[in-house]
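Dropping a structure here in structure tokens format, bear with me for questions.
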Amino acid sequence: MKNKKNIIYAAIAIIVYLLIFTLVETGTASRQLQNLIVPVLVNIMLAVSLNLIVGFLGELTLGHAGFMSVGAYAGCLFTVNCHLPAVIELPIAFVIGGLTAAVFGFIIGIPALRLKGDYLAIVTLGFGEIIRSILNSLDIVGGSGGLKGIDKSSNYTVAYVLTIITLIVISNIIRSCHGRSIKAIRDNVIAAESVGVNVVYYKMFAFVLSAFFAGVAGVLYGQNLGIIKPATFDFNKSIEILVMVVLGGMGNIRGSIIAAIILTLLPELLRDLADYRMLFYALALILMMLFSSNPTLVEFRQRLFTRKKGGK
Amino acid sequence: MDFIQQFINGLSLGSIYALIALGYTMVYGIAKMLNFAHGDVIMVGAYVLSMAAVKAGLSPAMSIVFPVVICMLSCTVLGVTIEKIAYRPLRNASPLAVLITAIGVSYFLQSVALLIFGSNQRKVESVIPKFSVTLGEIHLSGEAITTLGVTVIIMICLALFINFTKVGKAMRAVSEDKGAAQLMGVNVNSTISLTFAIGSFLAAIASILFVSSYGFVGPYSGAMPGIKAFVAAVLGGIGSIPGAMLGGIILGIIESMSKAYISTELADAIVFSVLIIVLLVKPTGILGRKRITKV
Amino acid sequence: MLKRFLALAMAGTMALTMVGCGGSGAENDAAADDGSDVIKIGGIGPLTGDAASYGVSTKNGAEIAVQEINEAGGVEGKQLELLFEDDECDEQKSVNAYSTLMDQGINVLVGSVTSACSIAVSGESSQDGILQITPSGSAKECTATPNAFRICFTDPLQGQVMAEYIQQQGLSKAAVIYNNGDEYSKGIHDAFVAKFTEAGGEIVADESFTSGDVDFKTQLTKIKGSEADCLFLPFYYTEVAYVSEQAASLGLTLPMFGCDGWDGVIKQLNGDTTNIEGGTFLTPFVPTDPDEKIQAFVKKYNEKYGADPDQFAADGYDAIYAIKLAVEQTGGDLSNEALIDAMTKITLSGLTGDMTFDANGEPNKSAKVAVIENGAYTAKS
Amino acid sequence: MALVEIRQLGISFGGLRAVDNFNLTLEDGQLYGLIGPNGAGKTTIFNLLTGVYKPTDGEFYFDGELMNGKTPIQINKRGIARTFQNIRLFNNMSVIDNVKVGLQNRHNYSMAAGIFRLPKFGRMEKEMTERAMELLKIFDLDKEADQLASNLPYGKQRKLEIARALATEPKLLLLDEPAAGMNPNETAELMNTISLIREKFKVSILLIEHDMSLVMGICERIIVLLYGRVIADGLPDEIKNDPKVIVAYLGE
């Protein structure tokens, strides 16, 4: 039963890749879509990794863009200064970016041991802003102008492989005893401690792992774009990722993937609306939250769907 | 001399933060939600003020009173409307859903302002009569004195209102336990509406004093002061009225002092570091109440 | 289950819509030579977000140029069409916008308006080889690729020119405030500081702030306590307005100098320039310049958009005219190589001065100095 | 030394003396009851024994080892497990996963095994599933194994909490009002289950309960607490007739 499921997932992963491959290589897909493949995959990695903290560990953070930026800078700084062949350089860059971000994940995990809810949210927001303001004033990484001249050596295949690795690692962890410990902490810290779950270790672990993948996603982002600047990784970026997690469903990896795809493509599709785009995005955000969380509307929706499903 | 002037600069900046933080803390304390759109209500208030000031053409006294009243009315109505449309349906939803909605409202107000007023900042004439006090080399602007005075008065009024009136008691009851308050005959919905009305009224005052001090408003003018004030509220202990005041003033002084004596580039980093250190030492902020988890 | 299916279906449909409108991008070069009557010009800049005013101005200026050219019969028998996309001043969105434009088969690109976005786009556009003219991307790297040109000055150039100018006025102790979060401001600042000290001057106060700041009293108080004899403010007019008012309220009255981002400050102050009287800045464009061409542009802009144009609008306008000249130079050949080659051969007499372009994509043009006097900009040469 | 040796244990919250001079010796396999009116300090004693609170004075030895100052996690690893007065389940996890979290205390595999699905992962997960199902069967919860814990009826939630505590393979089990909110039938059933797990798992039990039929029915000895002090300690029959206890419960 479980094996069958894994085979299906593997098949889906391969089919999706082949689909992308055909669309891109035959030129069927528009430039716009081709160009969006990597950003979509970056966002999937970010959303899924944030879901580990927000959805599975149950802690609210508003500083995910901070992890992403640290990783992006560390990894891209390496590629800018080392001129190795891309095959060697790129994997090292991803590891460096991921590890650097993981170190920051560890540092930011410390307050998470003491703080909860809104307080943790504001502290992580603060951490993100601190990172940004330090990057802004560091001339060796280009200051506010950003780090320029990054080799654009990644492509959609690299991005796809990284995304699949992220998905496999995170979902396998979630469906292991370690993931159960993380979820137990989310549901009830005191009970988790009473049955011997090492709360400190697993909280730290979730932060470190989540930061690691955010860092890798950051490197990918930088390698794809060729330039990174501190202003990109602001509070709004963190919110953008958080919105993907919340819309996709907390603790729902598939949901995060779908939400990341929709929310990356949506603004691009709304380009025709020009000036009204942000307005629509804001309205969509409010309405989607109302529809997914308002008791009356949720009930209405469920009733609608149950009837269609034949009264299950 | 410089030091005193810098201290005063910090104080005047801090009193603005404190004033905005009072609105945050008020809403958080009672409704238990982070109203991320608070800063943007201030922005809307500033635009309203600028339009009302232009259209007036009344006697000198009225030309001050009229825009101020219009600004207060529209902010209050806006706040209550936002609560009714966006927040009330999510009364029992997860705090995260409410937070995202609040962010949505914030984006909404910003983009509406952008569509109506364009991206350029707009000059708003101060409604506070121009005066300033000069002691030797120390300058104290009229706006700073007014802001500080108004903030202190508002803080005292709010504290009295919450602690000694019947409505205030109802608010505290809602804050402790919505369900129990309802059983005790408190109308939870109207109490929270009232909270938003007061919060937005405070936003109106903040917007009047903010534009009087700085003179300009743009679609994104509310965002940064909003975040800073939010930090101030958390620093002082969110939900605590004197805490918001204290947090705002401390934040303003730290910001000013670190710009003056450490580094202008890293001032924001220092402000946030102080916040993090304070919270690590005292997880509920300086004046926040300790919450005990009962096992 | 159904919900999940719906979500998936939605994501799929969205992707498919994009596939559907594809195809044209791959045949871009073909489109260039198919003898159609339209030259498609892509434009990219921030139309929403913090930096929206720059993008909007550029777009407006470019639209006026397009309209003028089309009314005069187009270029080489072809009409111009401007397709302008928003990038919110975000590099990723800028590249997205570029791809969208490529799908629509643009022949030339005007953009992006801001530096970092422009650099990110040139990473893509250099692979396509398409002519890219950034109207206002002032960072050095904006023209790093062979296909990229710019209309405005570079940041270092402005800093150097202003350092020399200030010293010519007999001032030697400068106080500087700059925006640490903005590359433009920092670029001018760095070059200014280097040049100013090199020439024997002294920087007695070097202060910064970050984008979004509105309180400058701390920095100004520090400057007041220094021995500065002038104040250099290399940043945009929005913040300049704040600084000038707050300096006055602190009793700080030093002569003020700035950069081309100052353009627009008078409007920002509602015409009340008491606190910034005598402020001097470098600019390629002054709307009060009696020059006939400029007055005609200002009039049209006012009619169409109800405001005075700023330097961004002028840059956008000039970028379109540069394209017009390049197309005329090639005799209607819209291939990328021909257009890029033509760029180095044209002489543009634009709103922002007379200019030629070198093979590196840099404009050669002279700077004008503008002084704020009695509520208006006065050109000073 | 006995399994549990508690000597003059006490804790103060500010000026309030919540527990004072508490002594207890519990041998392997014994079942003690802890009773007393509300606010007497019963749950506080549980919190002291499980490391949630740190005692201000006295000593607590478990299996010959001093437990003062140990964290809840360390104490659980030494072999003490508990349930809670207000049920604390992992509500958004399935019933079987709740038990598995408890099992993980003894059955574990490395992170790498989890990520790469090494053979050890499959082996351990299979073993854990089997053990968990066994436990669930004892509490008649095996049919609900895949349901969310929060969807269980109240009585079953209490049982699941006991099952989860037992999964950590404790030597001492602390039950905080296990029969609260149960009807007489369910209580009787619970009594049987408690006797059963004593037999099967060879575990010592200390339980807090207000339901006298349960306390008198299964406890070997009973300790009565009032205002943080022990006022009586003895066999069920002695307690039943102790005038101090009657006064404490009924007033004079």
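As written, the chain order gives the labels A, B, C and D, with residue 1 at the start of each chain.
Following the convention adopted for this analysis, a contact is a pair of C-beta atoms (placed from the backbone, for glycine too) under 8 Å apart; a residue touches a chain by one contact, two chains touch by 3 or more.
No experiment lies behind these values; they were computed from the predicted model shown.
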Contacts shared by subunit B with subunit C include exactly A
Tally the contacting C-beta pairs at the A-D interface and at the A-C interface, and name the larger one.
-> A-C
Would you kindly say which chain has the C-alpha centre located farthest from the C-alpha centre of subunit C?
-> D
Inter-chain centre distance, subunit C versus subunit D - centres from mean C-alpha coordinates, in Å = 71
Distance between the centres, which are taken as Cα means, of subunit D and subunit A, whole angstrom | 41
Where the CA atoms of subunit B average out and where those of subunit D average out, how many Å apart are those spots?
-> 49
In whole angstrom, how far does the Cα centroid of subunit A sit from the Cα centroid of subunit C?
-> 33
If you look at subunit A, which of its residues touch at least two other chains?
-> 133, 136-137, 190, 275, 278
On subunit C, where are the residues touching two or more other chains?
-> 48, 180, 210
Could you tell me which residues belong to subunit B and also touch two or more other chains?
-> 111, 114, 265, 268, 295
Counting only contacts in the complex, subunit A reaches subunit D at residues 168-169, 172-173, 176-181, 183-184, 186-188, 190-199, 251
In the complex of these two chains, what residues of subunit D are touching subunit A?
-> 50, 52, 71-73, 76-77, 81-82, 84, 88-93, 97, 100-102, 104-105, 107-109, 111, 113-117, 121, 124-125, 128, 164-165, 167-168
Subunit C partner, complex, touching residues on subunit A are 23, 27-36, 39, 133, 136-137, 143-146, 148-149, 152, 221, 225-232, 254-255, 258-259, 261-262, 265-269, 271, 274-275, 277-278, 305, 308-309
Sites on subunit B touched by subunit C in the complex | 1-2, 5-6, 9-10, 12-13, 111, 114, 118-121, 123, 132, 134, 139, 141, 214-216, 218, 220-221, 223-225, 255-256, 259-260, 264-265, 267-268
Which subunit C residues qualify as touching subunit A in the complex?
-> 1-4, 7-8, 10-11, 14-15, 17-19, 21-26, 47-48, 85-86, 89-93, 95-100, 102-103, 115-116, 119-120, 123-124, 139, 141, 179-183, 186-187, 210-211
